[in-house]
Amino acid sequence: MGFFQKLVNKARVKSPFVFHFNSGSCNGCDIEIIAALMPRIDIERFGMKLVGSPRHADIMLVTGPVSHQIAPRLKRIYDQMAEPKFVVAVGSCACSGGAFRGGYATLGGVDQVIPVSAYIPGCAPKPSAIAYGAYKLLEHLSEMWGLVESTPIEKVPIREYKRKADFLPHNCDTDDMEPPPDSVIQELFAPVGDESKNRPVLSEDDPTMRKRKELKKDE
Amino acid sequence: MSDTKADEITEHHPAPREGHEAEYELLDEMIGDLKDSLIEEGTYVHKQPRRIFVQVHPEKIRNVVQHMLDRYAMWQFITVSGRDLGDDLQACYHFVINDRKIAITFRLNVPRSKPEHPTISDLVPAAEFIENEVRELFGIVQVGHPNVRRIELPEDWPATEYPMRKDWEDPRGLMKKSRTTGRKEGV
Amino acid sequence: MTSANKRIVIPPRVTIPIGPQHPALKEPGMFKLTVEGERIVDAVVNIGYNHRSIEKIGENNTHLQNLYLASRICGICSATHNGNYAQAVEFAAEAEIPERAKFIRTLIWELDRIHSHILWLGVAFHEVGFDTAFMLSWRDREIVMDMLENISGNRIHHDMNTIGGVRRNISDAQKEQMLKGFDKLEERVAFYRDVAIHEKTFWNRVDGVGMLEAPVAKKTSAVGPTGRGSGLKVDVRFNDPTQAYIPMMDTGDFEMILSDRGDVAGRAVVRVIETIEAINMSRWLLNNMPDGPIRERVRPRIQPNEVLARHEAPRGELIHYLVTNGTNKPDRWKVRAPTYNNWTSMAHCLRGDYLADAPIILAAIDPCYSCTDRVVIVDGNDETMRLVSLDNLRIENNMWHKEHPRRE
Amino acid sequence: MQTPLDMTIQLLAQTLAVFVFPGILFITFLALLWQWVDRKAHARFQNRFGPLHTGWRGILQPLMDFLKLLGKEDLTPKAADRMSFAAVPVVMLVLSLVSAMFLPIVDMDPGTSGVQGILSFEGDLVFLLFLSTLMAVTIVLAGYFSSNRYGQTGSARTGMLLISFEIPLILALVTPALLTGSLRLSIITHELSKLSPAYIWLMIIPFIIYVISLQAELERIPFDVSHAEVEIVHGWQVEFSGKKLAMINLAEDIMLVFGAGMVTALFLGGPLLLEFIPIPLFSVEFAGFVATTWVGWIYYTLVFMFKSALVIIVLSDMRTVFARWRIGQIVRTAWKFMVPLAIINLVLVQIALTYIFPILGVV
């Protein structure tokens, strides 16, 4: 990679121009994006600038479950952006459809229409979360372009749901919680190569499972 | 939903006369003036304060609204909500009489086979868009509507599908499609 | 050139689309403005990009699920949708909720109104290019956002209400904190009121712009600050009080804010003074809050009933028409958001004004497309619109040009 | 007689002057620096931080923006006229650079009295005005070439701004020319610095008019109607992207340098600061020392930058405290207030020069 290319890549990380697109959102995420521009968070610190034209933008923040009416327009606006371009889905709706899953007028999330580079979950994500999400994307980009040493991704083992307390809300009474033996803990946090094996699977005869079923029947 | 008739009857909660004098006074005046336009069944004062529900002959709705506009200055229009009652479709016109602070609902049942009734958009300009919307979602046609056009649903939506009807079965799998997650192939 | 040869030069008509993606609108809506030079001669409003079929989803959900779906109708006035749905279900079940819950619910509504109005003020400043006041007003909006987060645990979707009461209580420490916050907020809002009224560059941009006369407002059923800015007495808090508004209005300390100016300035003044009034209301609610439980148990299956729940949202009158059928799901749920009624008056406001004023006029009704959730087409012309195919239009145009040859 | 070696060295020096200091590279540096000062001051006025994490206090932010835009894809709308569309940013950049060459930053020609810019000739003030008008015309063309409705509306508005604020701008510049009897920028600066302090009173009104007109000329709030974001989506800039946008932004920043430099040169005494102290040590010896040795190159540059930065902060403050005006209000203000004020000011200056100053005994 030449020096100039490296410089330009550095510049790309340092000065992302942000364009905001609302694809049928509830406004919650939108006003939080605007709130991120405000004195408290002020994402201009990182060089981000909200621009009004997709042609000037590097990053498009999309909010909302994509409604059928807006989907072609979203695609068109995405095509209008100049390369290199990245899309960030802001909010639960943009990530997966959120509360509007199951309706006839929405698609499930932004990634059904255009490729998405980063997801910011939350309903609505706080301004700080939006700034953090955008920053994470930039961090990832600088790793991708070799501007900083890429750190190996830390494997966080997925917790197995064995205890009753795992199913209860955190403020519930946890007197009857029994700590698991050390061997279980070691097993849980041991590095495992294949992640899919690590996924928790609850068998039908699991005691907690039965308990839940009974609870459901009572209702 | 199957037992529509039972639902219809039990939905109505007429209020006692005590504590609802103003509402009953208005309703009595209306019944006196518009006797042949109203249907007795379904016309009552609701238990919730300041609410009147009136069942109207579908073809007489213009007379009723005109009379109310003239006599009570009922200028504040709220909305039209469609309903699917099974055999019938229902359009509820909600109004507020601001001087008496009472909300009135005019309900008109139209048969599912021929869902038509006269429009009131020329009397109440604010109703123009919501009537269009009811026509689009429920298929209740307002005869004489000044500005008929597809407004709400996507342009490629079939003209015979009314998504808010109870028997709409989602022939193109849209509701299932909205539950898909993850990156789609080819994007 | 002699006077006989004199021709009036009409600037060419340009159609300028505003939206569905436009910096002035943070939400998808489309306005086709036809301008002659800088003057708007025609306006077409087209909003359907936000149709998310909430009512259909709601029919398949239980009431408790719908409570949270309702708040997702709109992020700015989520508390009003949420609370109004809760009170609709309670009306239908004929359940009486505890006094303290009523007060907390009303308090959340008023806090929501404060935050929404300050937000609007900031947006209005932004639309006229007054970015500093925009930044500062949004900075001070964080005070009320912090209060809401403190009480409910979320900044945007508070979801404080549940069927039969509220989810969280307000402790004495929180109360003290909020009272302190209100003092600061009142001082700041008074400052913004002075900025809005006395700052020449802002006032010149809103004075006499987007006129909506009272008869037209009546004809188009304008609600909320749009109607009150034209002098209409439409405020559900006073006309049809529910919850803790009933004892509040009995005190007689509060009055409806009206303005007979009818322009954008009138609406701005109504909103700013209403913010101060809402702060006073919140203070009254906090000081007079009774003790007791915050929640009453309501059975999930609601008896068959039909309810028209009205509430004064920040933007105007909000309607939830709910029909229950004895199960735990609604039979029909209809939401009429305030913005929906205000579209009709919009075309009237826009016509004859300058293009530069279009953003502030659009913003003046505080549009909320996500609330509206529907498509509206407003005809800009006085004549009725007709559907003409392109070929017919071409033929007609050619004929017209034959009849009216260009004069040289 | 010059030897070929001398000529070569002279040529080399001139090339360096044009391309490096105080030429293109230095002006570009100044443009990026002033953009940073402007953004930072604007943000601080709004209780924000502004750029913070790129370099020291975000000082590299404008450079990064520029480089990033250079590396972006370059799109041309289908409907646009390709050649003209591509030419507009280049023309704008060249025009702005040429106008900035006239700024008396350091003394390029020690033989003549006063601080000369790289380009300097008798009557260059008129030429500069012509260049700035040409710049506005280029902007109008840019909007029309992009064949976008927003762009065209923005162009129309730029035209309106042009016909309304060009006149007070020119009239404001007449006063310094009148006082010194010259149309050469460097001579005006030099002569003004020698005048008696009483002449400051004559310069106040032109200064105010010029700063306001400059804000309009640079199309910043409250006069940024031609690329107002919320009304017409960046106006005439809407279709430009990538390198073209980078060039346009740089050209605008250089116009900012030029505008602030003009204010500095014509109203704030140019690159002279300590010379104004009425002690012979400063006004005679130090001035002579600076004017003849290499110290002047550093000293003049620093003073010039300091004064320009002050002007930038004033402009930035104006951007902060005002709301955007409607185009009608702008034109009305220009013709009903600014133009009459400028004309009255000229009359007052004449009266003062002919009648009042001789009576008071001002030289």
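Chains: A, B, C and D, in written order; residue numbering restarts at 1 for each.
Note that contacts are C-beta pairs under 8 Å (C-beta built on N, C-alpha and C of every residue); 3 or more make two chains touch, one makes a residue touch a chain.
The model shown is predicted, which means the values in this text are computed figures rather than measured ones.
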item	value
Minimum number of chain-to-chain contact steps, chain B to chain D	2
Higher-contact pair (C-beta pairs counted), C-D versus B-C	B-C
Longest centre-to-centre distance from chain C, chain (CA-based)	D
Chain centre separation (chain C, chain D; CA means) in Å	45
Chain centre separation in whole Å, for chain C relative to chain B (CA means)	23
Chain A and chain D, separation of their C-alpha mean positions in angstrom	46
Chain centre separation (chain A, chain B; CA means) in Å	42
Touching two or more other chains - residues of chain D	46-48, 229-230, 233
Touching two or more other chains - residue numbers and ranges from chain B	153, 163
Residue numbers of chain C (touch at least two other chains)	22-23, 48, 51, 53, 56, 135-136, 139
Pairs of chains found to touch, sorted by chain label	A-B, A-C, A-D, B-C, C-D
Chain D residues touching chain C - in the complex, by the definition given at the top	45-48, 149-150, 152-153, 156, 221-222, 224-225, 228-233, 320-329
For the chain C and chain B complex, residues of the former touching the latter	48, 51, 53, 55-56, 91, 94, 218-221, 223, 233-234, 239-240, 303-308, 310, 317, 319, 321, 323, 325-326, 331-332, 334, 336, 340-341, 343-344, 374-379, 384-385, 387
Interface residues, chain C side, partner chain A - complex	20-23, 26-28, 48-54, 56-57, 60, 68-69, 72-76, 78, 119, 135-136, 138-139, 142, 145, 155-157, 368, 370
Touching residues (chain side chain A, partner chain D) in the complex	5, 7-12, 14-15, 17, 38-39, 42, 44-47, 51-53, 55-56, 58, 80, 82-84
Of all residues in chain D, those that touch chain A in their complex	39, 43, 46-54, 58, 60-61, 63-68, 70-75, 229-230, 233-234, 237-242, 245
